[in-house]
Amino acid sequence: MSRELRFGVIGLGYWGPRIVRNLALDPRITLACVADLHQERCEAIARQYPYASATTDAEELLDDPHLDAIVIATPASTHFELAMAAIDRGKHVLVTKPLADSVAKAEKLVAAAGSAGVVLLVDHTFAYTGAVEKMRELVHQRFLGDIYYFDSVRVNLGLFQQDVNVIWDLAAHDFSILDQVLPEKPNAVQVVAVQRASRTFEDIAYVTVFYPSGMLAHVHVSWLSPVKIRSTLVGGSERMLLWDDLAPDEKLKIYDHGVSLSEGDVEGVYQMLVDYRIGDIWIPHIDRGEALTKEVAHFVDCIDGNAEPRTGGESGLRVVQLLMASSLSVEREGERVALT
Amino acid sequence: MSRELRFGVIGLGYWGPRIVRNLALDPRITLACVADLHQERCEAIARQYPYASATTDAEELLDDPHLDAIVIATPASTHFELAMAAIDRGKHVLVTKPLADSVAKAEKLVAAAGSAGVVLLVDHTFAYTGAVEKMRELVHQRFLGDIYYFDSVRVNLGLFQQDVNVIWDLAAHDFSILDQVLPEKPNAVQVVAVQRASRTFEDIAYVTVFYPSGMLAHVHVSWLSPVKIRSTLVGGSERMLLWDDLAPDEKLKIYDHGVSLSEGDVEGVYQMLVDYRIGDIWIPHIDRGEALTKEVAHFVDCIDGNAEPRTGGESGLRVVQLLMASSLSVEREGERVALT
Amino acid sequence: MSRELRFGVIGLGYWGPRIVRNLALDPRITLACVADLHQERCEAIARQYPYASATTDAEELLDDPHLDAIVIATPASTHFELAMAAIDRGKHVLVTKPLADSVAKAEKLVAAAGSAGVVLLVDHTFAYTGAVEKMRELVHQRFLGDIYYFDSVRVNLGLFQQDVNVIWDLAAHDFSILDQVLPEKPNAVQVVAVQRASRTFEDIAYVTVFYPSGMLAHVHVSWLSPVKIRSTLVGGSERMLLWDDLAPDEKLKIYDHGVSLSEGDVEGVYQMLVDYRIGDIWIPHIDRGEALTKEVAHFVDCIDGNAEPRTGGESGLRVVQLLMASSLSVEREGERVALT
Amino acid sequence: MSRELRFGVIGLGYWGPRIVRNLALDPRITLACVADLHQERCEAIARQYPYASATTDAEELLDDPHLDAIVIATPASTHFELAMAAIDRGKHVLVTKPLADSVAKAEKLVAAAGSAGVVLLVDHTFAYTGAVEKMRELVHQRFLGDIYYFDSVRVNLGLFQQDVNVIWDLAAHDFSILDQVLPEKPNAVQVVAVQRASRTFEDIAYVTVFYPSGMLAHVHVSWLSPVKIRSTLVGGSERMLLWDDLAPDEKLKIYDHGVSLSEGDVEGVYQMLVDYRIGDIWIPHIDRGEALTKEVAHFVDCIDGNAEPRTGGESGLRVVQLLMASSLSVEREGERVALT
């Protein structure tokens, strides 16, 4: 059992209050302080959690010597400065995705956290869902065989973001999921993206991620779909799976289906023989615990030295590398961009 | 009412017998002759349609002076030679997709049919489905407003084709549907395609088709999906639609949803304002007649001079142009290829 | 705008805290006091709403002269005594369903509230969903024509209730929905119910409700279904509808389908001619506001004299009459029981 | 391998030609003769199967000494006379459902076939589907544990039958499926049925079938539903299943879900403890062979002495008993009727 940890939270927009609610539920955590530029957001939290102090000055929070850990839930452009300030003061840091808005900044944060000996966790929440945990397990145990492809569709009507395009908003989730699920790391990315309704940011994008083994990942993201879809196919040489994150119960289906090819002589002609296997389908029961609750508990476990960060700085850095390479591919009108 | 037309059919593999069945049902047509290299296929048809003659020699069929029209349902590589022979003999021609295996050959067929004054129809069957007919009508009447994008997923487990890759097999359908539905013609194509299970042909492909207006079409085709999906989204400035061709009844859903953007001043800051509209959904009743039956009837109407070919040679040529440009993009590892 | 209303809540089990949360959100309401026999439930609420007093003695709450309205969220067997005490003290009352556990008690509560001039509202939450509001509107405007039938399936795995059978637990919802949606009142009920896994209460039941016009309502409720279903069909002479309450977006589908019959002479034989009409389907956008939030606002509107109770005492009484008649039918092994 | 069997078919309405097509596909069968009162139906078959003779006089067919087996696909009211005539002449008989329109007639047919030593098979086609075969296997192997209930919904818009009500039309399928799947035989039936659009026959019915063990079967049939549903739940003490016959691929889902109850002492109070188990779901691959093809093959196997009839006269008789008891319950306005 841990000593009690005192937490501060910077940023009370859309996601911040959700993190606050989960911090408040964890018995090992004391929600000590919150900060946001908007006075009324501070007041709303103060009404709900009268024991926490609130301030519109993030510096004040950062300087509080009694805090053990700081959650940063502000826009991406501010992550570097705030996270670095927290690390410099020896605080553990949980930062919303993406870790930073450039590779260089992300690398500096990883290095700084390493030197300071503090935990740096990136809030890639999907990593803590039962579905992603199960997919990771299935892929790592080679239950699917060699992985042929990963295909994700993540589309809906809005919400348009004010500061990033649809890739940074939505494909960031898939990049993190790929990092969790696959043992392999990508070597190139190629993107087709357009602005159709938006005047400032790409609102539809098709992102292809290449892997050394030939594994191909494709991610379709859009803010302009009339229907919301969160659907991922993963095909392997032995089995394949479909993850429908919007299904109320049966989110993950594993197909004992496959195809094998051989050469043969048919009617005196040498040709390819294709053999299909359509077997049973299996829908495993997966953990339904709320991902954010599990992430907060994992953060505390990491602080206590009882776990290694699943979505730590290095993982967050790899996501930023993919995001930056994607932006470069968009800039170069769909050219393939190598990841170095 | 037409005089009775005498038909010959060359090629009795998978699709040929389906065309034969529909010819036999049309009261304006006499199924006079069939041809296939395989004796047993000829015999199977002869048992079912004892009034039709059968031969293993296509030349014999082509030379029959009593035939008015010839259906060619053979592999793509033989289309040019057979169709040209039929046109040269003054026969009307219905040829399975694609029209030919090169742009030059397709152009020659179009020219030859024009000179000979015969009807040249390409069997792009989807054009004759109630769903595509309705989509065409909605787009042409500008019911969806400006078209933002067309996104199609056409995946399943196999069937691997022996002679073409997954783009020629499956994306050819989408290329023809785009040609039917959109008033605009594309100007470039870009493809990412891989071979994962197959040793000879690409079995997964992501095809992007660019249009002068900015309209973007994307087609995902695969022979390696554990689930069969035939799903198309079309987004417009006024309305959007979803076509699920596998839904037993409710294939086409039209969403009165939209997003509009404006600039504004919020809390003293100039910014983009996004307004979402979530309205009713409408599922129109669409014609459920069998597409192939309608196509055969349309072919007769064209021969009788009562209709203009919906999927005539020019339309088939445009599909071949997209297919060839796609193949070039695959060869060039995903480079964008202009359509001239 | 109303003067501020001071509320007390008795019962903090499963549903009570949900009501409390909605009271706290309504700016016209002050959550003044809560009561529950369990000390720890009181403490949990006190932590969240430090401005509300908490007590394990409901009498104390009832005697508080500063309360305007009392919410009763206790087991059904206690509703009568608690609600009567509140009415006697001149308080407005919102009581969870069912209003009481006997017709006589329900009638007394209705009479007492009438005499006291207080609002008596029953928490039949479904009445305040967008789907039920829309169905009521469609039926009352005769958009469906004559109503032929109402068929509801409301099944899931558990939760077994400790104090009532599956009819009182689940069919109570349908009885209230019928009361909201149909202009007609039922005249008989017939039930087949069994105990299969439970040793104390019926866990599967099929309830048929008869109406003077011939309209037939059927409700299938079960705690023993592996899948959760909340699906209702309403058939009319002009149109029909399907309400799937678990669909994330497209909950209500209206079918312009119908069947009309006539007599005729076919091939010299007098016979019935059936004509089917399969038309468009329409999915209206429905209000997605949280039902409980709207119910609380409606309660305040009723107290302020700005609305008539939608699920008032009389409506709640009719539900109790159906529940009691259902119990009698179960007792009599499926005999039809008239409603007087 | 069997000697070749010569078949005659009486009745070429809706179902007869489907049987004819399957007879024609079976290499052990010669389609020798067909009969129908309507000349044009005879001609249509004669065109398709020029080797078969056709007649408008069923007597002529029955008297043909060269026929081994006769298929009767006429309205139910004529089954007895025709089947008896065939049995009397020593022919094997395949008769469409129901076997006869009274229990007495069905009993006589069973007895006559027994005496004559001919095979009497009833065309309860569902018995030969992969889903029903798998359900039978699962129930007989006690994979589901004790069976708690069987719940079927079989509704659509029309087709209204000219000669029978919706129970004889649709519930007959469920009665046969129950007979196949369950080892137990029912002891009572209770029906609520109404005529809403039809003037002559019940078009909506709710049928409850009672079993000695407490197992409860419920069947909802209707010709007045805007959507077509073919959905069956079977709940057992160990596992439960859902059969959706309209699902293109995943027709049968087996849920490793359950509920167990025990008594216990909670907070000093003796009460029922409920334990839910939500486990994996399994979708077995089931045989997709066409049921009618398998049924015809099974009929030949029975004639050859290589199989015992799965849907023989006794099974067909039990279905008629349930249908007649259902009709009696309808007549008695929903009274429970014992099966003797």
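Labels A, B, C and D are assigned to the chains in the order they are written; within every chain, residues are numbered from 1.
Convention: a residue touches a chain if its C-beta (ideal position, glycine included) is under 8 Å from a C-beta of that chain, and two chains touch if they have at least 3 such contacts.
Because the structure is predicted, anything quoted here is derived from the model rather than measured.
Trainee: Could you tell me which chains make contact with subunit A and subunit B both?
Mentor: A chain counts here if it touches both subunit A and subunit B, which gives C, D.
Trainee: Considering only mean CA positions as chain centres, point out the chain farthest from subunit B.
Mentor: C
Trainee: Quick one: report the Å distance separating subunit A from subunit D, using the average Cα coordinate of each chain.
Mentor: 52
Trainee: Could you state the distance in Å from the CA-based centre of subunit C to that of subunit D?
Mentor: 39
Trainee: So which stretches of subunit B touch two or more other chains?
Mentor: Those would be 227, 278.
Trainee: For the complex, give me every residue of subunit D touching subunit C.
Mentor: 148-149, 151, 153, 155, 157-160, 162, 190, 192, 194, 196-200, 204, 206, 208, 214, 216, 218, 220, 222-227, 233, 235, 237, 240-242, 255, 257, 259-261, 271-272, 274, 276, 278, 333-334, 336
Trainee: Residues of subunit D touching subunit B in their complex?
Mentor: Spelled out, the residues of subunit D in touch with subunit B are 48, 50, 227-228, 246, 248-249.
Trainee: Okay, in this complex, where on subunit D does subunit A touch?
Mentor: Within the complex, subunit D contacts subunit A at residues 250, 253, 256, 278-285.
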